[in-house]
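Common to both upcoming complexes is chain A, partnered first by chain B, then by chain C.
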Partner chain A sequence: MRTFLLKRLPSGLLVLALASFLVFLILRLIPGDPATSLAGPDASPAAVEAIRAQLGLDQPLFGQYLGWLGRLLSGDLGPSYAIGGQVADLIGNGLGATAQLALGALLLVVLIALPLAVAGATTRSRPLAAVIQAVTTAVLAVPPFVTGVLLVLVLAVSLRLLPAGGHESLLAAPDLALQYLAMPALCLALPSAAVLARYLKDGIERALAEDYVRTATALGVSRRRIVWRHALPNALPSAVTVLGLQIGHLIAGAVLVERIFAWPGLGQLIEQGVARRDYPVVQDLLLLVVAVYVAVQLLTDLAYAWLDPRIRWE
Partner chain B sequence: MTALIRPPAPSRRALLRAGLAGAGLLTLAACRSAVDEVANTSATAESSDTPRKGGVLSVATGVDFTPSLLFAQSANTLVQRLVFNTLTRYDDRLRPQPELATAWEVAPDGTGVTLKLREDVLFHSGRRFTADDVVFAVKNLQNPARSAQLRSTAAAVTDFRKNGDFELTLLFAHPVSNLFDLFEFMIVPDSDSVEDAVAGTRLIGTGPFTFTDRKPGSSLTFTRNDRYWNPGRPYLDGVEIRIVPQAESLLSSLRTGQTHLSYNVRGKDVATLRSDPQFRIKQYDTGAGAYYIGVNVTAEHVGDKRVRQAIAWAVDRERFVQQALGGYGSVSSVPWPKSSPAFTEAGAGHYRHDPEKARALLKEAGLDRITLPFAHSNDPGATATAQILQYDLQQVGIDTVLQPTDSPTMQKQLISQSMPALWTLSHGFAQLHPATLAVSAYPFNEARNSSHFTSPAYTDVVQRAWNRGDSDSPEAKALYQQITDVLLDEEFVIDLAIAGLVEVAGRKVQGATLNKFGYLNLDDARLTA
Partner chain C sequence: MTSTTLPPEPRTDRTDRNRYLSALRSWRGLTGLALVGAAALAGLLAPLLTGTDPNAQSALALAGPSAEHPFGTDDLGRDLFSRVLHGIGTDLALIVTAVPVGALLGCSAALLAATSRWADLAVQRAFDLLLAFPGLILALAVTAVLGPGRWPVVIVIALAEVPGFGRQLRAGILVQREREYALAARVGGASRARVLLRHVVPNAVDPLIVQTAVALSLGVFIEGAMSFLGLGVRPPEPTLGSILSQSVAYLATDPTFAAAPLAATTALVLGFTLIAEALNRGIRR
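Up next, the complex of A and B:
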C-alpha cells in the first residue's frame, strides 16, 4: 500500500501546486478588489489607496503569491480582510458545519440509492420499475434550489415539522441538530442518490447476468442471497468510484444548499468571500476544496483496490 | 375438530428489528422539536401588553455584518445601536433628543457646540464613559480608513475643549448645518477595543445589549446589558440576528415564526404579507432607499442635459413603484423624502411619464435613436428593475445594453469614476438635513461624484447650505430649493422613487424602531405571547 500511495502522492501535490497558482491568479483577474469592498460605497480614492497599502495589495503580484504560500506552509492563514476574524477560525467553524452536512447527505445518498438500485434491478414488476426510473430521473432533473424551496414550503411552512433553516451544534444538542440537518442533507443528497442508484442498478443487472449467478441459482441459493451476497459486492467497486465523484458534487452543491437553508458552512463562506473579494478566505478555501478532492480520489482508489481483489496495491 | 395452528415463534432477527424500531420510536418521542424550541424562546416573554422583561428577539437579515463598515452606513446597520449609543437621536421631525448627550448649546456664530454628557454610563467592559470617549469617537470618524460618509462633517471639528469629564466643547473650522446628523450617525466606541471591533472579534459599547457571539454567515447574538443607563431597559433578554441570504428562505423563516422581525423583505414579498394578520408592516423613510439612474456626463450623448432630461421624462415612475417595489414607495423626481425640509410636492412631481416630451427633447438634441450601456447590480431584484427601465427608455428611442455587475466591481467603478453612460442603484442620506446629501452621499458629492458632474453654481449653493449654523430658517430653505433646482435641471442623478426600509414584524413584536440611518433601536422592544 505504501508503494501505491507513494506513486499517487506526487501527482496530488502537483495538482495542489497548480491549483494554488490558478486560484491566486483568477481572483486577481476578476474585477473589483478587497480595498473598495472594505472602503464602502462612499469612500474617497485616497481611502481606498490607504486600505490597499495596508493590506499589501500594492505589492507586486508574484511577491503576494509567495507571501501567501509562505504563510500557508508555516500554518498561519492570517486574518480575513472583510468577513472579520482569523481565516483559520472561519474555515474551522465552516468546515465542521459543511462536514456535518456532507456526511449527513452522504449517508442519505447510500440509504436512498441502495434500496432503489436493488429494487430496480431485481423487480419483475414493470410498474415498479417504471416508478423507480421516473423517480430517479425527476430527482436528477430538478435542481437543488427548487427541491430546497419545495421542502421548506411543505415541511417547514405548511406542516411545521422541521425548522425552515439554521444550524445547531451536533455536540451541544444532537436531537435539534438532526432536525436542522434533515432538509438540507436531503436536498443535497437527492441528485447524487439518483446518480448512484442508476449506476448501482446497472452494475447489479450486469452481475445478475453472469454465469456464476446462473450456477448459484441452479444450486438452489436463494434470490436474496444471490443479490446481497454476490451481485451487489461485485457491483460495488464501480459504484464506489461514482460515489467518490459525487462527494465532489456534494461539496460543490453545498454552496447553493447552504444558502437556501442559512447553513453556516464553507459554501456560505466561499460565497461571502467572493462577494467581498476577501482574498485570503477564498484562496485558502478553494485550495482546501482541491485538497479534499485530491484526498477523496486517493481514498477512492484505495477503496477500489480493497473491494476488488483483482486490483493489487502495487 | 380442526386443530389450532400455532403461529411460528418470531425469529431472533425479527425480535432484534422490532427492538430497534421501538428504541428508535422512543428516542424520537423523547426528542425536542426544533420548531417548538424556537417558539419557546419568545414564549418566556410576557403574555399581555404591559412591558415586562423577557424573551429573545430573532431578527432576519439577508446581509451579513461587515465589521470594516461598522462606522459607515452600509447594507447592514442592525448592530450599531444594539451595542453602541449615539450622542443624540432625532425624533420624527428631525429635532435632536438626548442620548449620551443630555444637553447642548450651539455657539451663536455656529462654530462650536458645547455638550453636557450623561454621568452614569458604563461601557460593557465596566469602564466609565467620559468626554474623552467623545473626542475619540470624532477622531475615529476623521480617519479615512473608517469610510464614514459623514467624515467631512467630522473633519470640520478642529479642536476639543474639555470642562471636566462630562462637559465638552467641539470647535469647527466653519459653521455646519448638519451637526446633529453627525451626532445621530456617530456611534461611540470603546477606544481600547476599536481595532477588535473593525475586525469583528469584539464589540464593546455602552448600548442596551452586549455582543456575545458571531458566526460569520450565520448569526450574531447579543444579551441584555444589565448595567444599561436607560432605567428598566431593555425589556428583552437578548437578540439574535440570523443571516438568511436567500429571499425565499428569509420569508419562510418569518412565516414559520423562526424569526420575528426583518427589514430585508423584498417589496413583492411584502405585498404578499400585507393581508396576513400574523404580520405588521411599517415603512420608514430611512436607509439607502432612493432609486435613481446615474449618468456619466462625460459619456457620448448624455453630456447634453436635454438627453438626461429626456430620460427623466421617459420613465414611468408609477409602474416602477408598482412592479419593482411592490407598491412600497413613492414616485419622486428629487432625492428628498416627505420628512425632509427640502421636500416640495412640485419638486417630487416635476418629471412625469411623458414619452412625447422625451422624444421631443431627443430630437432637439439632434438625436433620433441612440444606444447606451446601462449597468446594474447583478442580483435578481436589481436586474428586474433595470429591465423595467430598459423598456421605458426603448419606447422613446434610447436602446440600452444591460451590464449586470457584481457589487465589488460596481463599487470600484463608482469610486474610480469609471461608470458607463447609465447605471441604476439606490442612495441614502436624503432623509437628513439636505446639505448632508450633497457633501456625504457619493452620487451627489459636489467635489467629486461618479457622474463627473461639476458646476460652480452647484458647489456654491451646496457650500452655502452646509456652512451655516441654522438648518431650517427661510434662508436655509431657499438654499435647499436652489439645490433642488440644480438637480432637476442638470439631472446627473435621475431620481425615480423613494422607498425607505420596510419593517415586517410578527404580531408578537412591539417597540422596535430605526433611527435616521437605519440603526435598529430595541431599547423599548418587547415580545408578547
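Up next, the complex of A and C:
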C-alpha cells in the first residue's frame, strides 16, 4: 500500500505545483493594476506606489510567487484587497457552508445511485428498467441550472414544501438548516448520481454474468445475497473512480448552485473576488480547489487499491 | 486441425459510414436529431421567424403568452419569442466555434504524445492540470483575467473540451498501435508518421465522433453556467443561459417567463445527449 501511495504522490504534487504557478501567473496577466484601482481615481502616483510597496507588487515576479507560497505554508493568507477583512477569515466563513453543501450532495449521490443501479441491474420488469434508463438519461442531460429552476418551481413555488433559497446554521436550528440544505444539495447531486448509477449498473450487470455468480446460484445462494455480497463489491472499484471524477464536477457545480439558491459559501466568495478583482481571495481559492481535487484523486486511487487487492500487489 | 485466431480486420470507410447512419436511425438518434434540428433551425432562422428586435424594450413587462408575444415578455418588456430564438442562435454560434478548436487542440496534443515517451508524460500532466480546473472554476480563472464577454466563453468551452478529446484519441492510438495491421504496415516499410496518420489514427477516431456530441452538450452547459454567474456574453445580447438566469428572480410570480428558455435549453442538451448515446451504441455493436 505504501509503495502504491509513493508511486501516485509525485504526479499529484507536480500537478499541484504547476497549478499554483499557473494560478499565480494568470492573475498577474490581468490588464488592470490592483494598486491603481485600490487607490482610487484621484490618487497621486506616490500614493499608488505606496500601496504597491505595501502589497509587495513592486517585487520581482518569482519573488512574489515564493513569498505567496511561503505565507500559505505558514498559514498567513494576508488581507484581501477589495472585499475587506483577512482572506483566511473570509475563507473560514464560507468553508462551513460549502462543506455542508458538498457533503450533503455526496451523501445524496450515493443514496440515489445505489438503489437505482441495483434495481436497474436486477429487475426483470422491462418497464421498470426502461423508466430507470430514461430517468438517468434525462437527469444526465439536463444542466444543473435547469434542474435548479425546475426544483424551485415545483418544490418551492407550487408545492411550498421547501424554501426557495437561503441558509441557516446547522448548530442553531438543525431542522430549518436541513430544509434549506435539501434543495441545493439535491440539485448538485442529481447529475453525478445519474453518472454513478449508470456506471454501477453496468458494473453489476457485468459481474452478474460472471461464472462465480452461476456457481453461487448453483450452490443455492439467495439472489439477494449474490447481488449484495458478490456482484456489488466487484462493481465498486470502477464506481469509486467515477465518483472521484465527479467530485471535480461537484466543486464546480457548487459555485452555480450557491448562486441559484443564495447559499453563502466559497462559490459566492470566489465569484465576488473575480468581480471585484481581489487577487488574494481568487488565487487562494483557486489553489484550494485544485488542492482538494488532487487530494480527492489520490484518495480515489487509494480506495481503488483497497477495494481491489489485485492493484495493491502489482 | 490447427485454428488460428486473426485479429479483426480494420474496417473500411464505407461500412463505417453506414454504421453511423444506422446508429442515427435508431429511435434515440432520430429523436436527438429532431430536437437539435428543430432548435438549430429556429435559431438560424430567428431573424426571419421573428419580426421583432430581441432587444427592443416596451412598457408591457412580464406579460403572459399572447398572439403578439407567443412566449410572453421579460422584465424589460422585450419579446421572449424573439429573445429565445436569437438566444439559441448565439449559443450555437459560440459552441460551434469553440468545440472544433478544443477538439483540434486535444487531438494535436494526443498526436504529440504519440511521438515519444517524454512527450506523452508532458501531455498527460497537461491534461491532468486542465482537469484540475473543472468547468466553472476554469471559467472563473479565465474571466478573472479577461473579464466577461463572448470570447472568454469560447475560450473556456474550448479549453474544457481539450482533455476529453485528447484522452480519447490517446487511448485509441495506444490500443490500435499494438494491433497487427499497424505492425504489418511498419514491417512493410511505412514511416512511423505514416503508420500513425494513415493507419492508426483513422481506426482510433470512433470515440471522437461520440465525444463531439458530448462536447456540444457540454458547451450549452458552460455557456448557461457562465451566464448565470454573470461571466458570459454581455447583455443585452440574448443567450439561453442569460434569459434563464434573468427569469429566476420572477419564478414565484411569473413562472411562464422561465418556460421557453427552459424548454429550449433542455431540447438542445437532450438532443445532443441522445445523438451521443445512439452513436455510442452503434459503435459498440
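Couple of notes before you dig in:
Keep this in mind: the second predicted complex is superposed on the first by the 272 of 314 C-alpha atoms of A that agree within 3 Å, B and C clash if a C-alpha of one lies under 4 Å from a C-alpha of the other, contacts with A are read in each partner's own complex, and residues count from 1 in each chain.
Please note the rule applied: a contact is a pair of C-beta atoms (placed from the backbone, for glycine too) under 8 Å apart; a residue touches a chain by one contact, two chains touch by 3 or more.
Keep in mind it's a predicted model, so treat the numbers as computed, not measured.
By the document's definition of touching, neither partner reaches A:Gly92: not chain B, not chain C. After overlaying the two complexes on the shared chain, residue contacts for A:Pro163 are found with chain B alone; chain C is out of touch. By the touch criterion defined above, A:Ala47 reaches chain B but does not reach chain C.
The partner of chain A that touches more of its residues, comparing chain B with chain C, is B. By the touch criterion stated above, A:Gly70 is placed in contact with neither chain B nor chain C.
In the superposed pair of complexes, A:Leu14 makes contact with chain C only, with no contact to chain B. Of the two partner chains placed around the shared chain by superposition, chain C is the only one that A:Val282 touches, whereas chain B remains out of contact.
Contacts of A:Gly56 after superposition: neither chain B nor chain C is touched.
Once chain A of one complex is fitted onto chain A of the other, the partner contacts of A:Thr36 are limited to chain B, with no touch recorded for chain C. With both structures placed on the common chain, the touch criterion links A:Leu22 to chain C but leaves chain B unconnected.
Across the two superposed structures, the residue set of chain A contacted by chain B and also by chain C is 30, 149, 152-153, 156-157, 164, 259-260, 271, 275, 277.
Residues 30-35, 37-38, 64-69, 72, 74, 144-145, 147, 149, 199-201, 214-219, 242-246, 248-249, 252-253, 255-256, 258, 406-412, 414-416, 440-442, 445, 448 of chain B touch chain A in their complex.
Residues 30-34, 36-48, 50-51, 54, 79, 81-85, 90, 93-94, 149, 152-153, 156-157, 160-168, 173, 175-176, 179-180, 259-264, 268-269, 271-272, 275-277 of chain A are the ones touching chain B in the complex. Contact residues on chain A toward chain C in their complex (touch as defined above): 11, 14-15, 18-19, 22-23, 26-27, 29-30, 137-138, 140-146, 149-150, 152-153, 156-157, 164, 248-249, 251-253, 255-256, 259-260, 270-271, 273-275, 277, 282, 286, 289-290, 293-294. Chain contact summary for the complex, chain C toward chain A: residues 125, 128-129, 131-137, 140-141, 143-145, 217, 220-221, 224-225, 228-231, 241, 244-245, 247-248, 251-252, 255, 258, 262, 265-266, 269-270, 272-274, 277.
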